[in-house]
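Dumping the structure here so I can ask a few things about it.
Every chain is named by a letter (A, B and C) in the order it is written, and numbering of its residues begins at 1.
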Amino acid sequence: MLSVTGVCKVFPGVKALSDVDFTARAGEVHALVGENGAGKSTLIKVLTGVYQPDAGEIVHDGTPVRFTTPLQAQQAGISTIYQEVNLVPLMSVARNLLLGREPRGRLGLIDFRRMHREADEALCGLGIRVDVRRPLRELGVGAQQMVALARAVAVDARVAIMDEPTSSLEPREVRTLFDVIRALRERGIAVVYVSHRMDELYEICDAVTVLRDGHVVHTGRLADLERLRLVSLMLGREIGEVRSEGLTRFTGSHHMSAEPVLRAEGLTVRHQLQDVSLSIRPGEVVGLGGLLGSGRSETARAVAGALATSSGRVSVGGAPVRTGSPPAAIRAGISMLPEDRKAEGIVPGLSVRENIALAALPALSRFGLVDDARIDRIVDTFVRRLHIKSAGPHQKVGELSGGNQQKVLLARWLALHPKVLLLDEPTRGIDVGAKAEVQALIDELADDGLAVLLISSDTEELIEGSDRIVVLKDGAVVDELTGDAVTEDALIRAIAAEPAGTHHD
Amino acid sequence: MTDLTLARGPVDRDRLLRLLREYGVYAGVVALLLFNVALTPHFVSAENFRTQAVQVAPVLIVALGMALAIGTEGVDLSVGSVMALSTSLLSLYLGYGPWAAALVAVAGGILVGLANGTLIAFLGVQPIVATLALMVAGRGLALVLLPQLKDVRDPGMAALGSGDLLGIPYLVLIAAALALLVAFVVRRTTFGRQLLAIGDSRPAARLAGLPVRRVLIVVYICSGALAAIAGVLATARLTASDPTSLGTLMELSAITAVVVGGTPLSGGRVRIGGTIAGAVLIQLLTTTLVKHDLPPSWTQIAQAVVIVGAVYAARERGKR
Amino acid sequence: MTTETTETDTQPDTVRRSTEEDGSPSRAERVSALAQQHGALVTLLVAMVVASLSFDTFLTGDNLENMALSSAFLAVVALGMTFVIVTGGIDLSVGSLFALGGVVAAWGSQHGTTVALLLPLMVCGLIGLVNGVLIARSGLAPFIVTLAAMLGARGILLAITDEGSRTYLVDKDSFFATLGQGSLLGVGVPVWITMALFVLGAVVLRRTRFGQYVYAVGGNEDAAALMGAPVARTKIAVYTLSGLCAGLAGALNAAWLVSGVTILGSGMELEAIAAVVIGGTLLSGGFGFVSGSLVGVLLLKVIQNIINQIGSLDSAYQQVVSGAFLAGVVVAQTWLGRRRRVL
């Protein structure tokens, strides 16, 4: 139905897709899986006309095509359902469903009765019953997702691409979604299904394509692929593979004292975290394991006060920290390097110097006046210690490379002398040299007695960097690997473990 | 990663645009000065420069506050009404002496700024809308307090309005001092840095633990206070309180000065030097047109064109 | 110009809560929706009842006629503004366009009624079109573009009236003048025209595909684009429409005053915005209705009338009250909007 061959897509400094072949067949649900940065979203964007491939061709319905806008792809029968509902929440369900295709009566005015009937029929055809006159926003997220789906397939869709459609759905809603997907499959529609939830993949998908670092590493029938094998394909590590020496700059374990400095207990954020507890001792690097969407970043954000929790306690050195307030967490000595460096980390228009001094400003000023000499000293120290390469301290951070931006952020937090450092994907999207430097630095900081929480999609980095790994799945702690058990083997098994009490067919 | 050869053309255009954004306003001022020196009779005289400077002073003071608000990715439309409110309060309390009256007037501006800031920082109202509401209410309040024009007969006020020090009018000195103060605050204080960080990337500022709400409130208080000072000075110069017309369209002039001066509407940057040049540019433009017997209508049209041009030039940056 | 959104952190939490309630709107939600839709109408009725009980002169034919006429012109401007605000934009140029339209119409009335009506529509529509193109195609902020247009239009107005010193007169006996001064069944012609325009506006906004696009663009611009709505064209159309409405209102006003008065319209943009917002239209876009704007205009005029009736109060109180009203409504909307986003 829809296939791509030899597709390449290069972004400055990154080859997002290299020589990718992918085929979605009519009447088949095809899973597209891979970790962060594997190239899934790039591939979807190529398929839906958001990006143009640098090489390779797209064949739709037997003819080569070139989509320059998402609209063209849509008109050709390729519909996409995004993770977030892309509808207009304040308009009614029927109006959303039929926007631009409203049935019109005399005088070219919209015939509401027919519109509501048609909308109702379209939804009923997918087994969904809602009052189509109600504003979309009054529906639950799941129902909204269904409307998006109905809209997508109503436009004579031949291919439906679903990007993590279940990430915000209730279990009951997931069931309805799956019924709809099965109905689509029977109608001969090709479905491309992107998800990180193992159980769902095995329930609904017929075929699978695994992407890693922009390459297709596996494609075939999903039923023929064991869960363990799928996880190891995604992570790029073989079960039982002998651990190779020194691929990362981590030196191994650290000396640590016995009393934890950070204690987080029972962190719960509705539908994101379920009773997550962890503690870190000074000088210890604790890794957070799990697939994308398992609650790793949410745990870090909850500890750092950037995500409001419905229950749970955080304490540093025995003193309780008010949750839900970044300033309170920072005052208590918790610093977080956020996952989205560009949007939430750097202040791109300010200079290297100002970015480094930003969080520590109150301490670096007298009577509200900035003490430039002290800032210069601190900036100088960190620029040298972290090897920050820039045209000078007055260069804008937005102009630096990813690795140097990350080092600037690290410097911002280290200038505060934190007790706990939460690192969310500290080496993502930065070049190899800077990566090694950052890894070495993490080691060094732990040796200096800092408590470090490390989140990384790079399994190797996680295994070798951490003294202990807490494994998360669906927002809850499922396992903890300590000592000699900190191996890829154990991590993959812990992630792939089927939840107790459930079985798949 | 589109073809490198293709990329070169836009790069040169980008650089040109950037230069235009950075220095266009100064070039404009110099060009207008040269034009006037060469072609306008009686332009080069101390008296003329004095007049120009006195006229530009209130706009400049208001523009300073506006620059701060725009630096946080906001805007303050209530400044003109604050000027009117300030002149009304000044007239009402003049009986207690000029100093006390001026203080009350500035306190009024601070209160309006506090209201703006609270609506924006705590209630999450868009800055345009919040300040629009206070723009309407502020002017009304000014008129309620002082229904029509009233002469201000106070020697202190008169001295403030027309006196000078070493030949430089007090008004100009005050405007210059305030400009230096605001430039100092933006560059050298914690508050200034925090303001820029908040305007540039609000999520990053929040995660870095900055007091986002407090900074926003203080910004709008500053803007209100500066507008009130401008109101006091304008009253002193006119020796009359006219709450009906004082400060009308002031928000527009101030925004123009700030935007023409190269401060992007998308926040994260405050250019005080540019703002001063922007205010001077608009003033010179008006003078040039007037001195060459072109009617005020031309001034307004020219100003409109300059605003759109400046925003258009600054557009790329906004899309970052 | 985003505002701080600490509340987004708690969002997913509440998202779930509403789904558990089977997606049906909570009682608070229904009440707030009702308040949004009918709050202005209820306030208007209460104000009118209070006014008619307090002042004998309120419910007289003359007074009502006067209020209706003075509301008519603002209402036409507010009609165009409603479309703009529903797309999430704002049009600050309408006050100047109103004055410009009046002057151009008065000038054109020398050449007959057709010219007197078409000329202001063309001039103001063109300025609206320019606004729309700059906003939609160049991505400039609506408020700054229309601010510039406000200034530019005022400049054009001064330029064609010898710097405001010349007032063009409308021949009292011409058909054009009856458009402003005449009455039908005891109701002024401008009032009839306004009512007709509101019916038309309501039909366009609710019952045409263009209307759907207006809501979609304001409700979620990215989604609208993905759903195939012509976003840029819709935006250009609403600013043009707003210009047309302002021009027409100005023309009718000139016909009523039988002259093109140059000093009109300053501050009218604020009144129009206030009326639209008080009428329940969300300033952030995507929600609103023209009937609400009509109610908003009437409410503003009734308040003005009451303040005039009190007599001892200065008319400036009206501005204080409108400003306070606007602030109150906007705070309520933001609060409701927060709930809405959360739901």
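Just so it is clear, a contact is a pair of C-beta atoms (placed from the backbone, for glycine too) under 8 Å apart; a residue touches a chain by one contact, two chains touch by 3 or more.
In this text, all values refer to a predicted model and were calculated from it rather than measured experimentally.
For the criterion of most C-beta pairs in contact, the winning chain pair is B-C. Among the remaining chains, A is positioned farthest from subunit C, on the basis of C-alpha centroids. Separating the CA-averaged centres of subunit A and subunit C is a span of 44 Å.
Between subunit B and subunit C, the centres computed from C-alpha atoms are 29 Å apart.
Counting partners per residue, subunit A has 306 as the residues that reach two or more other chains.
Residue positions of subunit B touching 2 or more other chains: 206. Counting partner chains per residue, subunit C shows two or more touched chains at no residue at all.
Every residue of subunit C that touches subunit B in the complex is listed here, in rising order: 1-7, 90, 134, 138-141, 143-145, 147-152, 154-159, 163, 266, 270, 273-274, 277, 283-284, 314, 316-324, 326-327, 330-331, 334-335, 338. For subunit C in complex with subunit A, the residues that touch the partner chain are 9-10, 12-13, 15-20, 22-25, 29, 203, 207-209, 212-213, 215-216, 219-220, 222-224, 226-229, 282, 286-287, 340, 343.
Of all residues in subunit A, those touching subunit C in their complex are 70-71, 74, 86-91, 95, 99-100, 102, 104, 108-110, 112, 130, 134, 137-143, 151, 168, 170, 173, 269-272, 306-308, 310, 324. Chain contact summary for the complex, subunit A toward subunit B: residues 10-12, 54, 304, 306, 326-327, 329-331, 336, 338, 343-350, 354, 357-359, 361-362, 365, 368-370, 372, 398, 412. Residues of subunit B that touch subunit C in their complex: 73-75, 119-121, 123-130, 132-144, 147, 202, 206, 212-213, 216, 248-249, 252, 255, 259, 265, 295-305, 307-308, 311-312, 315, 318-319.
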